[in-house]
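Common to both upcoming complexes is chain A, partnered first by chain B, then by chain C.
Coming up: the complex of A and B.
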């Protein structure tokens, strides 16, 4: 009897109506399943498997063990891109998310013009990252760029090629995304608005000052949103491509090299095995970030 | 106390102004520069244009394939958005409304794809498009765009369909409505909000996409606007007026779409917490 009950518990109980609909249900799922298999399941398996092979895309892949990984970890461009990614992640987690959160708090108190600010802040996010990279190339241009023109008001002899000179290039690339944290702002603002207003009243009755309220009530309560923002902005660092490829292309030297640039170069050189090894590293870094941030912000716990 | 309040106020306005300047100024500067001559751009980058003419834009559209790039972008982003919206709403609909074996597993599989950096799958997707004979074709790009935003759309659409009361479905079934009819006539129209949210996000992403489009096309006739823009830099190199005009043409449609669907875009970004 128990065994029977358990068997029933294992599968969702389907009504007569639903069973009659199975044909339709699976038909409706088919397109999504096909896309999932073609663009996710098969590619991920393929990337993992062929990362252990030598493969030019024309002949059959040839197993070569850890060769690609050894090549990768002895390549200075790869090591530099790991270092860059780490530094960019750090900057993103602290300053990018920090700035977005700050703006969220400002907007939460609805100063005059908060709706306009929120609307305008979104604009850099709705235009193509490629176009945005070009715009920044012009802003940082030495001859007619906005930045150097303004600096020359104070120092007429100032000359810097931001995207082409070490160590500026790294920070010039960083500036193309650093302050554009509207996603962080919107996500955190959403959480702030969800905090029950009784909490604010209770805190005020207990004599909490504004800063104490922010520090001990609001910030801890929107840690879920902040955690999400950290994940989103760190994964955006892994995927960063246009901002580098269209400005510095990884230079000067390897100053702004990234995994995405190495991966594309691998494909263009027909070193598919190597490119996929880089892909595996990207994938794993993504997973690690997700896991660590989730733990750090205790995102799976609820508060009210 | 009063002083402190004043300081906080000033600080808040300073932040607001900073945000508006860094977000709007670069774009205004690009549009403004598109109306200046090369000499004006070089001698005084911050000055206003002296005359407003649309000559450069007219030239761009005549001498280069701009209308074609525009159509390519519209085709790739538009077709992929409409088709994947249909596909994903079918999937999300049955996941939201029916019990069947594998339901939970499929939902997890579909949404977990969010965690896979799309760049890491570049080579297999590249090879897939090659095998299908769609390399260097705008259709290949469109095909790849179908897969983008899957997790996010399923997530948004599932919530949308779950909000449609089941009693409405039952009433329609009693009246003899078929499975298709219940989906098409009742659920789709009532999940309109979720559909626009997912649609706007997908369209914006695909309209702006650069990475796959740059890898999957080579010929001029297959370029989308962002790709064409990248090629322009090398082609015009020192004609800044044309470069700025090209940039203006590329960024304006996205901004206009945003201006029309502003609330939608903001709400969707806030609920999804994800973009790109």
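Coming up: the complex of A and C.
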């Protein structure tokens, strides 16, 4: 409390001219505030409120306490989807962001063939997730898919239905998004390009090797960008729908079940209250991720 | 002062621009729901000028490349020609996959079209009809015996509410689903529908069946329905889902049927069956990779010479024959809603048009044309000689017509008898695990029960 008071006291008092401009500042903020309230705040509050109701989406919601949450947490599909989400988040944070960062360094240092790398990496990223899901259905097809055709050169009897057999389905779905990390690359590349060249010169004078320069100077200075990439990647895993719906629909069994699939199933059964309870859990997980990554990457601290 | 005024004007302009972005750009969209909403009417509604043509727009999935468009689009054209200068119907093309969702969206906006082509059955029964979204057809039916006398008894009983109101126009036709087989690959001498299921499976031997196990597992679900119907008490068990969705699958009827389905998936399924969508199953059949496929009579259009571009590996549509399932079982739901209902918010003129269209669709000529195009039977219609002569021209439709007798047993498809999310998602999701033996039939039943209970627990 004292710290807040001190910080407040340290703020310079606004001048007369600045105070006179406040009304114009507020006026120009008004459209943004209206949009935020109408299209973000109100729906979020509605989702929270109706998650405690029995609601078919058409008639008036009836308050049913924690029933939707109890049903949710006793549903094996929900528990499996939480487990899947945790695993996908781990894979995304380590491999997806790692791969995107690696490509950012390749594009930054421009080794021989970097333009080809850029083209090969960027072009698939402009294809929608839904289209990729369909393409992967062909790639992983047991009869004529590229993958199994290649494997059968070495093992003619090889037969795996990648999207429809445990435990392969989980990894097959993972591959539909794992290497498409263009956002990570662009964000990290932006930070890399902003590192002052004097730092590099000073490091060279001090005898730092290339790897030491990357490890002790560039990577720490890209901390904010990498943290942002982790947040973007993890929240994308929470909302991931097309890649699952168009390939495994959550199967086989519940192997690739996700919260988004459960939410849509709730709507299919006119259980909007339950669907919104799933939505609340997705929202809260997103907030937790935001908080944890912010703390881990110390994103509120400046580097320069 | 000038600066302040300019800034104020700029702020107002920004607000106005944002408000305009949020609008539909359609001046009609903001009018009250009902007669003049954009989806209801593409032209004048005529209350002030009755001499003008009454026009409505119907969202429909039976358009474009949809298999139902072959008959439906010309039918609407015939109606427009018959009532030229009086009524006009325009079709709005909506993909079949999103059609039910589109109707729900329109209903939420109170912008239902005047004539509504079906919709999600659960939504109609539990939301749309109880909430006064539909026009009561009972008086019109009483005044129009030409239509009422053709309606299926089961359908009429199902669609009639306790207070006598009728919202969905009951069906006059039934299209029992059986299976098609390629006689160039498999040509049994037996009357297949007269066999028992066990005899049929013996005759089938190691012939390949095209199954779909992705999406909602439609083709596998049809076979499973036939297997359930062949069990003692199976048809009654399936029909119990008409009143309340089935949520308990832990019984011998279901488990025995699933055991047989598992054997078929493991021994007789075409090589692409695991993970196959309906289109993949149809491709397997029409490329001679499978000798059998189960589907409704509407598939007969795929075997016409006009569609020979889709045939592969020497497949010839002329070789295809059709049969109902063993035990003379035809998969059809007669206790169900019909295809059409009318929005309660339509104007009198629009309702007049809608009723004229329904009377037209249920006229003997149109019903016969429909049966010739898509197969099926209208039990209460006296067929014309022309119709009987033409029906024999399409081999598979003639086969099904010959199999459909007074002894035919109608069984509702299992997907219609279970909760929507289980039918659309859970059932298909578990079929691959049943096929590869990961789940036993008993575990499959248990899993289905859990999913159905979870889908219906509030």
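As a working rule, the second predicted complex is superposed on the first by the 261 of 304 C-alpha atoms of A that agree within 3 Å, B and C clash if a C-alpha of one lies under 4 Å from a C-alpha of the other, contacts with A are read in each partner's own complex, and residues count from 1 in each chain.
Heads up, the rule we're going with is that a residue touches a chain if its C-beta (ideal position, glycine included) is under 8 Å from a C-beta of that chain, and two chains touch if they have at least 3 such contacts.
Only a predicted model underlies this, so the values are computations on that prediction, with no experimental measurement involved.
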Q: Examine A:31 and indicate which partner it touches, taking first as chain B and second as chain C; both and neither are also allowed.
A: both
Q) Of the partners chain B and chain C, which touch A:64 in the superposed model: first, second, both, neither? A) second
Q: Considering only touches as defined above, state whether A:145 meets chain B (first), chain C (second), both or neither.
A: first
(Q) Just checking: does A:47 make contact with chain B only, chain C only, both, or neither of them? Give me first, second, both or neither. (A) first
Q. Regarding the shared-chain residue A:230, is it in contact with chain B (first), chain C (second), both, or neither?
A. neither
Q: Could you say whether A:85 touches chain B, chain C, both of them, or neither, answering first, second, both or neither?
A: neither
**Q.** Most chain A residues touched (candidates chain B, chain C)
**A.** B
Q | Which superposed partner A:244 touches (first chain B, second chain C, both, neither) | A | neither
Q.
Please report the chain A residues shared by its interface with chain B and its interface with chain C.
A. 24, 28, 31, 35, 57, 137, 143
Q.
Taking the touch rule as given, give the residues of chain A at its contact with chain C in the complex, in rising order.
A. 24, 27-28, 30-31, 34-35, 54, 56-59, 64, 67, 71, 75-77, 137, 141-143, 161, 163-166, 248-253, 261, 265-266, 268-271, 273-274
Q) Touching chain A in the complex: which residues of chain B? A) 8-9, 12-13, 15-16, 18-20, 22-27, 29-30, 33, 41-42, 45-46, 84, 86-88, 90-91, 93-95, 98-101, 103, 106, 109-110, 113, 115-128, 144, 146-147, 150, 154, 173, 179-180, 183, 204, 207-211, 215, 225-227, 229-230, 233, 240, 243-244, 247, 250-251, 254-255, 257-258, 262, 265-266, 269-271, 273-276
Q. Which chain C residues qualify as touching chain A in the complex?
A. 7-8, 11, 14-15, 18, 104, 107-108, 122-123, 126-127, 131, 213-215, 271-272, 274-275, 419-421, 424-426, 428-430, 432-433, 436, 438-439, 447, 450-451, 454-458
Q) Touching chain B in the complex: which residues of chain A? A) 11-15, 17-18, 21-22, 24-26, 28-29, 31-33, 35-36, 38-40, 42-44, 46-47, 50, 57, 102-103, 106, 109, 111-114, 116-131, 134-139, 143-146, 149-150, 179-180, 182-183, 186-187, 189-190, 210, 225, 228-229, 232, 235-236, 238-239, 241-242, 246, 259-260, 263-264, 267, 272, 275-276, 278-280, 282-283, 286-287, 290
